[in-house]
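Input: structures, listed below.
Here come two complexes built around chain A, the first alongside chain B, the second alongside chain C.
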Partner chain A sequence: MSTPDIRERIDAFPTHRIGPYRVRAGRPFPYGATPVPGGVNFSVYSDGATTMSLALFERGAAQPSAELEFPPEFRIGSVYAMTVFGLDPENLEYGFRADGPFDPERGDRFDAGKVLSDPYARLISGREIWGREPDRDDVYPYRAQVLNDDFDWAGDRPLRIPAEDLVIYETHVRGFTRHPSSRVTAPGTYAGLREKIPYLRELGINCVELLPVFEFDELDNPRTDPVSGERLYNYWGYNTVSFFAPKAGYAATGPFGMQADEFKSLVKEVHKAGIEVVLDVVFNHTAEGNEQGPTISFRGLDNATYYMLTPRGEYYNFSGTGNTVNCNHPVVRDFVLSCLRHWVAEYHIDGFRFDLAAILDRAPDGTPLPNPPLLEQLAYDPVLRHTKLIAEAWDAAGLYQVGNFPDYGRWSEWNGKYRDTVRRFVKGEPGLVGELATRMAGSPDLYQGRTSSASVNFITAHDGFTLADLVSYNDKHNEANGENNNDGADDNHSWNCGEEGPSASRDVRELRLRQMKNLLTILLTSQGVPMLLAGDEVGRTQLGNNNTYCQDNELSWFDWGLLAANADLLRFTRALTAFRHAHPVLRTRDHPTGQDRVGSGYPDVSWHGVRAWAPDWADHCRVLAMMRCGRHAKGGSVADDHVYVAVNAHWEAHDMELPALPEGERWHLFADTGGILHPAGTEPELQHPGRYRLGAHSVVVLVGRASHQTTA
Partner chain B sequence: MAFDVQLRIDDKVVTIELSGELDASTAGEFHQAIGEAAGAGAVELVIRAEQLGHLSSAGLRSLVFARQKMGDGVRIAVIGASEPVARTIRLAGFDHSIDLVDA
Partner chain C sequence: MTVKISSQMRAGATVIALEGEINSTTSGGLQAQLLQLIGHGSFVLIDLAGVSYLSSAGLRTLLIVYRHAQQMDAEITLVGLSKEVSFVMSATGFLDFFTIGEDLAAELERAGL
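What follows is the complex of A and B.
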């Protein structure tokens, strides 16, 4: 039998002609624009449109070169699909024009005067250069483009590092290298971040979590700095314009339309360094805002499908930003799922952190659902099967779900209670010893029946004080944001150590350094997944501003000069991450039980006070020590040392009686935040085997293992 | 300067010399030359870019096309690319699949 020559096969041929364009009925799936042999397939969904047209622009042209109305026979269900032949994808921008009723009370807001961006656009032009003033009269400001799938991944794929082994580093693509001190080729870009991979490796993190990289408009903030009069930006990017497209303004090659390649290249190289990439994604609202906001895409395609509307057709505002995405509508669920699959399959993304994720479990009328179908669907999706799913388990309308976010055995959470407890304890508040123990053990009270990686532990994140500011300011100082200091959180649980802001006092500065080390040490020795905020390892300050969403300047940017200025803190942080990686007992999958299940003679976790085996849970107490028995590491499957962490939040020193170790083993000193550090593996033995004097506001970490005779 | 492509096949080494502006309107000629190089069974493709002026996104994509068309075993060297051109290639991460060589 002869094989047919497949080169001669015709997959699709034009059946219709619209003006000079040869077309045929397209394929409804996938949505968006897809290159097919000889042309491009376009597909868009709209339930209420009366007519739908495809607007074609030559790249950068003010007006469309053609508008092709979808013939009735090109509509299947409510999906309009057309293949257009002979287009040059390189030189093409496209959008849709949907006509239909404008009847807000019924939820319809069609506007045939607008060219709408494709919600599934893989590439967006119009904002290629960060901060450049656009043509405000442009009939089509965020222009969809066709993306070629021709990136060479060279064998790369998502890394699948076990969640409990992660050390997450939260950073901002632009802010990480925009500061001139970064000395990278292209500051503030994906390529710039790529140049800093060696720094990330040395820091010992194995996961970078990027603030939003889906296309957004940094110029959609109307405010100005009240003092300087300078423009304020939407710097963080929590206002998505296009969910499938990487932000072009973050790419040095954005003007060439190469942002997807540059971002993929970043992911590939980060993976080579053994570091995962998690994206902060914002599905709770869009950049279209409320009734006064711009019509970009969803509003003009199917307003009532994509947004939660009141019975009178107004926008529900559970996000605090004007609108709320109708996440549990079947069509929107499908959109969110397709989007995440796209980022995992096309960009090899390892995980997602969902901004204001509590909104994801609200019904179309806003009621929280016990079994939200979207969360279940994401948890069981085949493509997302090994993707990390992290919820910011609250929203802006009072739904707080830390500990009870529907998890389906898959979801982890930003543990806000961990943050608050550790901050309050370290600052010296009484009555928290018991809760600190629970938080350091992985918050089993919140995550019973789940693995300890359900808890993403953090003390600082982009939203709030930096670590340095947490120990330098009692109050927020957000005047530069142009809202009379009314924006940003008020409950920061911060302590300035005696003076508000920069201090000339050596005592104050030393105490602040110690407090930063205390907080980092607790974070890196707690059970759960630690997350660091970029810059905290070098004491980055925002001068007390705890809401720098709008500050595209030195206030937000990572100052690389701090590496030398705060070398001691950086060295300490690196040693802590190395210590965590060296001690699997801190990264055990299951919560510790306080029992001895491996016959080591020690419980997996035990609690101590000034006296060994006698923790003081009293309200007035400010001292707690935790011992982890290394024989229990990873359920007893790997060998590890004993690890002892004592926290003294009291203003006086205490003599800590140390728990006795097995015969032949001695306590070794890894770190004392009062100024001692011995990298993991080189710790000297304690001179006094049974006691340790722990200074005021200090944390000590000891390692129990066989004696090697060098003493500290 | 008008765009021009010169193709030279020297045993298993194919040299493509580019001059002028490589953009969407001229990329087709370059693609055709790459196709001929692939057909000649080249083990090395040398792209001489000393006379290349502007490189548009379409031009940059042509390098991706060359990589795909030539296959993994073939070395692709771009010689004498101007600094803006070389910089764009590096930033997009393409320097991992082709060699950038000074003239």
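What follows is the complex of A and C.
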């Protein structure tokens, strides 16, 4: 029996001939290049172009082998679409040449001298080997290629872990395994990261957040190290060249054009380990920069559509990088939405963190909008319905929206106030007891009416000091960045514990270790979604550099030798993540209210000081204890222990009176940052049931549950 | 650029040796030829020891052949993967879909042939 091949189509035959190429009018959707029976369908939008051509290159060839002008009848609206038959997608690079007016004051910057990259390119060649010097005279440096999106996911789907249960781990694809100590087969790649999944599992995180993986040019930084004279890179990658294409230089198989498969394979394997993948995405600006920047794609296709322009046609610079994407223009909204759908549908990405997201709610003239259509659209989109949306709720032009970023019940935020408060309290600043309580309770002051997962809590992120540097440096040391230490943030709220930089003093080193543990303990017992910076669990240092965006070297790379050198901190961090996973009371969806809502006799959260039930909110106080009632865990729907966390940022020890527990229950000791750790479930009972002596600069975590008669 | 195909029956098993590069240029013809060599219920060993490079299109061709074979209840085992081919297949996730054998002799022995 034979059945007709349903893949055969009546439109799989050419109707026209352009030179040696057989073509027919294409389909406007989807945009970009799509393999179709017998050929490839190309579709591109440009409102102002007078003519549009498709440039075809043999892979790696200096000049196009052909340029096919779109016949007028191949255009629908402002979309040019053509199917070209008989192409070999694997050996093909393509681009567009758009002719039109060059009239910057009116917003037009057409340049028929340029071959333009397809904004919808699924695959980009040109930078497939990280750091390799390209041909600077290349007529077409970032070359679009055709991708067959037929990866076999074998049943994988985005994981949909409830946001409040996440522990996020922020890392850099290259930096995670580039260091020789990683001992992976292909250091600095998606495949290398995949080999480290067991480490991520053991660490207890369940979400990796990757610094930008959309194709960017690591060589677009003109600076050099002032001392060594070595090239500085765009290492972080916050300068997107192509939004639909995974960075080829991060793929061991990039030279073979298989970066999409390699990245998808990584996502699939990470998912198998129960870990979600969140991408850091940069929609606020592009790599085209300002008037002096390169014309790569958007500028030559429809400058005035894609960029926010002043009335004189200059680029607004709300991003601090030269241009600003015109996010709330209807065409650009569509672009951003298509892009995110692409990453969710084709790459099974679980969430996005939006760089300088405040820009996404600006109108084309830069005014912040009360109801920005892009943000609303993303919040309600069917494909993105369960995708985590995390905003870096500020921009480089002074719009600061932590706590009031338009959220539509969907968006969460990097909570910069959490970071600053916890840093300041732990270093010993006075006047912060009340604010610390608010931050540990999920910042209900900022996120009232929203779930506590609206707050992504963090102490450190890629941008700023690492945890080890936060307790080792009072000031930033960014000289290696080539800007006379003028770059990077100055408000670090850091404390070096007595000596700037590496210290031979045992006291200083012990205090630093304790301070790191204090910060991590607060982070992992606070309500909200904790985010760790990769390497902090092993005390990774950047030698005081708080802005290593350009440092593709050991300053940035994860040194796997630290696992042994700082085994104690690693063990402590693992125990903290396990503790958080073991205690749903810390991961309750709604903010605690301070009320007893389940009839347990205890409020869901209560605050204590040196005396139980008597927190000291005074300015001079540096001690605070929080008790979470386990009967309130997940709104009272699951059983949990009581959890007591006492923070002492004072330089003296204090005897803490512990709140009394229900009949038959006792306090058990999980961790004291002064050097005690009992993994979750094995905590011994306190010898003295009602008191705990908390050392200087220390945090203790106790669990209250039925007595089993082992004592500490 | 071509890929050379040779096949022989060895005690009930079809042994197919490939030689050369498997890429978009060579894979189309390869797919048709391989499918002809695979019969219902057959046991097939594809020896890649002579394959220096498998491109994206090449990997896809092999997987398509493999899936056709599954539909015909035929069993395909790949043998003779070079370290590099094996790494590329592993990094891109293709390796998981195939039955991989150590080498030809071992596989023939294992199958009792």
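The rule is short, and it goes like this: the second predicted complex is superposed on the first by the 701 of 712 C-alpha atoms of A that agree within 3 Å, B and C clash if a C-alpha of one lies under 4 Å from a C-alpha of the other, contacts with A are read in each partner's own complex, and residues count from 1 in each chain.
The rule is simple: a residue touches a chain if its C-beta (ideal position, glycine included) is under 8 Å from a C-beta of that chain, and two chains touch if they have at least 3 such contacts.
None of these values were measured; they are calculated from a predicted model.
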Message: Taking chain A as the common reference, can chain B and chain C both be placed on it without clashing, or not? Answer clash or fit.
response: clash
- prompt: A:Asp88 contacts which: chain B (first), chain C (second), both, neither?
  reply: both
Query: Thinking of the overlay built on chain A, is A:Ala186 touched by chain B (first), by chain C (second), by both, or by neither?
result: both
Touching both chain B and chain C, residues of chain A: 88, 90-91, 148, 150-152, 154, 185-186, 189, 191, 194, 251-253, 256-258, 261-262, 264-265, 268-269
- line: Per the touch rule above, chain B residues touching chain A in the complex are 24, 27, 56-58, 60-61, 64-65, 67-68, 87-88, 90-94, 96-97
Complex contacts: residues of chain A adjacent to chain B: 88, 90-91, 148, 150-152, 154, 185-186, 189, 191, 194, 251-253, 256-258, 261-262, 264-266, 268-269
Residue ranges of chain A in contact with chain C within the complex: 88-91, 148, 150-152, 154, 185-186, 189-191, 194, 251-253, 256-258, 261-262, 264-265, 268-269
Query: Which residues, counting only chain C, touch chain A once they are in their complex?
result: 23-25, 55-57, 59-60, 63, 87-88, 90-94, 96-97
